[in-house]
Amino acid sequence: MRQFSLTSILSQLLLLFFVIIWIIPTFGLFISSLRDKELLSISGWWTSLTTTEINEIHRMLGMEYQIQENNYYIIKGSIFEDNSGKKITSFGITSKKINEFSIGDIAIFKDNSEVTIDENGNYVWKSKTKFTKKKGKRLFTTSLSPPSFTFDNYKEVLFKEGIGRAFVNTLAVALPSTLIPLIICSFFAYALTWMKFFGRDTLLALIIASLVVPLQMSLIPILTIYNDFGAVFGVAAKSYPGVWMAHTGFGLASTTFLLRNFLKSLPNEMMEAAKVDGASHYDIFLKIILPLSIPAFASIFILQFLWCWNDLLVGLVFLDQVPSEIILTAKLKELLGSRGENWEILTTGAFVSMTVPLFIFFALQRYFIRGLVAGSVKG
Amino acid sequence: MNKFIKILLATITSSFLSFSAFAGGHYTGPDLSGQKVVMFGPWLSPEQEIMREVGAIFEKATGATFEYGGSDSFEQQVMIDLKAGSAADLVVFPQPGLAANAAAMGGLVPLGDDIEQMVLDNYAAGQSWIDLSTYADENGKDQFNAIFFRTNVKSLVWYSPDNFEDNGYEVPSTMEDLIALSDQMVADGNTPWCIGLGSGAATGWPATDWMEDIMLRTHTPDVYDMWVSNEMPFNDPRVLEAMDVFGSFALNDDYVNGGSKAVATTDFRDAPNGLFTSPAECMMHRQASFIPAFFPEGVEAGVDYDFFYFPAFSTKDLGTPVLGAGTLVGATNDNPATLEFIRFLMHPEPHEYWMAKGGFLTPHKGVDGSKYASDTFRKLGEILTGATTFRFDASDLMPGAIGAGSFWTGMVDYTNGKSAKEVADGIQASWDAIK
Amino acid sequence: MSLLNLSFIVLLGILIFVSYFHFSNSFLDSYNRKSNGRFKFENSIRVVIFILPAFIVLFIFILYPVFETVRLSFYDKFGREFVGLYNYKWAIDDPEFRRSILNNLGWLLIVPTFSTFFGLVIANLADRIWWGSIAKSIIFMPMAISFVGAGVIWKFVYEYRGPENTQIGLLNAVIVSFGYEPQAWLTIPIWNNVFLMAIMIWIQTGLALVIFSAALRSIPKEMIEASRIDGASELKIFFSIIVPYLEQTILVIWTLITIIVLRIFDIIFAMTNGEWQTGVLANLMYDWMFRGGGDSGRGSVLAIVIMLGVIPILLWNLYKHKQEQNI
């Protein structure tokens, strides 16, 4: 029964308010990534649907382009590319007065040469004496640029700038870093739940205790071990397998914890019956537990995958920051610092890095949520 | 004559001479196919692309693979790697101080006599370069650990000659004139300066350059040397005086594009763009010789921009001091491919390649001077021959904890409103903490 | 490394572990069968097979670093000379350490509280509205993206340009349209922390929301319906029925987010690198470990402090969890 009471409307409005606030930042980024790169750094994304005023400086062509007509030397040129859609509204010939003239006016330089320009950017520069400089004088234009959206930024970012490769690298890191812990921890959790052995409870307590250890603590000791290992076996200390094991190590505690919680909720009788039938633990694991655990595995897979995909520090420390190994988050951080002027690379790069997590999120929301909720709510 | 004057004089002027051990032309190397050399450094775009192209020359000549990775939290990242022993084969140090730290940790290998000889033979004032790249290793023994690749001059102010002409401004030759010019610009409704300190985890370093240039212009060179070694404490009144001069530029909201608040939040690579906007956001930008690499595409040296010497006070009688620096390349292992790459960097070809791209200076005697990207760079020589005092960038010489740490963050705090005294005290405290 | 090589390595890596488990177990199975199920050590060996990889990983990646860190905290910056409690004394006196702790406390007080609060409110609002799931998805979405990605998104909100220039940061544009001067938000002392926290709240509210939504479903409908029929207002129902019923969940979520926040590093690292006094313990630790020569002694002390901070909260959370299970 839908209610149209005042409270219902108020709460809907309040909810709407929250939703709008929450989505604006991401929405802004998305719009920014589609904007023309010139416009990105001069105006906010909320102006993207209106025409923007742009001030530009152009140098006219130089002496090599002059032609003689009657008694004048003339240089003709165009300052806009075709189809830019920009329309000049005013221009100037000195940086002190960039809006001095309107379309159709004749501007006179100090050396008595004249220039006119039409609203599409075609200019004519006339002089009674020959032009002698290789580079022409400056022309200052103010023009109106229509809203323009483009996929060029995405093209540029995906194929240049190394983001395409970083995407692949991140996949090569995240996938094994999720599957390997799942494999190891499922056996581990099984043992902790249903096998009796000496020290089981201590081990369990140790796992829970290790939830406490901050990541940064382990960086240097582990990297040192890797290096010693590498020196002995002649392999690189920083490598993909190294990152996988590091992620496995950091995710061991939570994965085991979640898996064990799930396994505990499965009925014992099933297992007892199977044992009576002569099945070994491995048989039980493969034939009974695995099929039943698919939902739990899915949830944990998603959680761990996203954690690894979005990770920054582990990827920074355990991989070389070279194009063949750098991951998306590290690449993005690099761009965050150095591409202040090329905002289009930043926005698009960020969005590309978000596609996978967002896709997983929307497609598999149910499992994602279930994984998070596991253990947090009764029943 | 100060040993460093010799170095940098030679840097520019000797590039036109070809007295070197190399026949010139292209580098040829031994067959290193299947080997890989990895280099890690602070350069991001666009320099990292150029470095990769330089590496490609090596790859073609030897068959080895070259990879370069950069980070603007380089100073932190490299320490992780060095401590764990997993650093890249070659490390580009933006400062000798950091390289000395690395050597003291036992992270760098001695480059050996043959490379040392190459420096002596090919770099003008080679011995001075060798002195600057010799550090104590973990046993306290001095070793020659790195070569300088890419040097720069710092006491420069970049401007747009056209904008100056439009406004009737003249290039100032004394500091007093520069200050008067800045005031004139404000009176005319223009903004005199663009200053940006942002640089990722290295944010703050451009302010240290300002400080060093000012120290050289307000006190004698001996004071500068004592400041570097901390013989004179950082919170000495003479240093505070210099900081106040910097403050007269950076903390003056009328002087700086975006006001003093924008100083620390603007990236150093974005800051100079204010020279080229319409209307111009600023008229002048004080920065080292490598900055043209970050200017907008299409602007031309000598036409759209030029530089003048950051002048000295005419009343102080300290001559015309010049500040400079360079990046070093050190090796963390002695694999044949690694050391061969160092030898490759001693060949003129990589130098000439980067020279043609601009923003690159070198003391290498064997390079072909005509390969410089423009007359602008050749002009740098005039600044040097006119220099009466020369000093290497102080923060680069200080130990990493200061020169790549508290000095940077202290200057950021200063632009954010902290008092000069508090900042200097804090930096001195970090000096004390490492003694 | 070519893509082909990379895929090969990935496949190999995964296969190694699958093979280990499969072959060792199968081998044990067949051996056991051959000896007619009388193999004495079958159980012990089985246990070892099952737990060995995890145990090795646990030891190398978690236990060893903890011991090593504790050891290093008593040594000098290069880890060579024993210096006793020197690093600990330094930490207590260091003003940056104190400020980091203050910042951490600020984060711990503000972020979990607001995230939990917003999560609770939104969960309730969305519960009976037909477009509630869409709303929840939107608010939950920030949880899916990386912290660095969040940093980029919010860069466009906080960006500062000088007063004469056009603002491209959303917040400044709004302020300017009301006639105020634009601010460099992330450099304002004290408040910059709040602006960074806003990002974290933006992300973590989704977590609270999702868990609360699930919890809400466990509240018996009849109770609420009955009160509604009796004429109780929604607010009254909220405060007298829903909140008390969810008390346990509120606590759990609050501690969960607290633990996450205690480790906070990425957002601050990417947006300010701890500059302008925004640094928390994790940033300070990272700086001391790796900046300007590195000091493993001091870095280790900071790591230990972070760890100690989490322990009580975690213990309390587990205690509650156990309590719940025993009921």
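The chains carry the letters A, B and C, assigned in the order they are written, with residues numbered from 1 in each.
We take it that contacts are C-beta pairs under 8 Å (C-beta built on N, C-alpha and C of every residue); 3 or more make two chains touch, one makes a residue touch a chain.
In this text the structure is predicted, and so the values were computed from the model without any measurement.
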item	value
Most contacted chain pair (by C-beta pair count)	A-C
Chain closest to the middle [Cα centroid of all protein chains]	A
Approximate Å spacing (C-alpha centroids) for the pair subunit A, subunit C	20
CA centroid of subunit B to CA centroid of subunit C, Å	40
Separation of subunit A from subunit B, taking each centre as the mean of its C-alpha atoms, in whole Å	32
Touching two or more other chains - residue numbers and ranges from subunit B	77, 80, 83, 200
Touching two or more other chains - residue numbers and ranges from subunit A	219-220, 324-325, 336
Junction residues of subunit C, two or more chains touched	286, 289, 296
Touching residues on subunit A, where the partner in the complex is subunit B	55-57, 59, 94-96, 98, 135, 138, 140, 219-220, 223-224, 226-228, 230-231, 236-238, 316-317, 320-326, 334, 336-341
Residues of subunit A touching subunit C in the complex	2, 7-8, 11-12, 14-16, 18-19, 22-26, 28-29, 32, 40-46, 168-169, 172, 175-176, 179-180, 183-185, 187-188, 190-192, 195, 197, 203, 206-208, 210-222, 225, 240-241, 244-246, 248-250, 252-253, 256, 278, 280-283, 306, 309-313, 324-325, 328-329, 332-333, 336, 346-347, 349-350, 353-354, 357-358, 360-362, 365, 369, 372-373, 375-379
Complex interface listing, subunit B residues touching subunit C	73, 75-77, 79-80, 82-83, 98, 101, 105, 200-201, 203, 257-259, 261-262, 264-265, 281, 399-406, 409, 412-413, 416, 433-434
In the complex with subunit B, residue positions of subunit C that touch it	78, 90, 160-163, 165, 183-184, 186-187, 189, 273, 275-276, 286-287, 289-296
List of subunit C residues in touch with subunit A within their complex	1, 3, 6-7, 9-10, 13-14, 17-18, 21, 25-26, 28-29, 32, 37, 42-44, 46-47, 49-51, 53-55, 57-58, 60-66, 68-69, 118, 122, 125-126, 129-130, 132, 135, 137-149, 151-157, 166-170, 173, 202, 205, 207, 210-211, 214-215, 218, 233-234, 248-249, 252-253, 256, 263, 265-266, 269-270, 282, 285-286, 289, 296, 300, 303-304, 306-307, 310-311, 314, 318, 321, 324
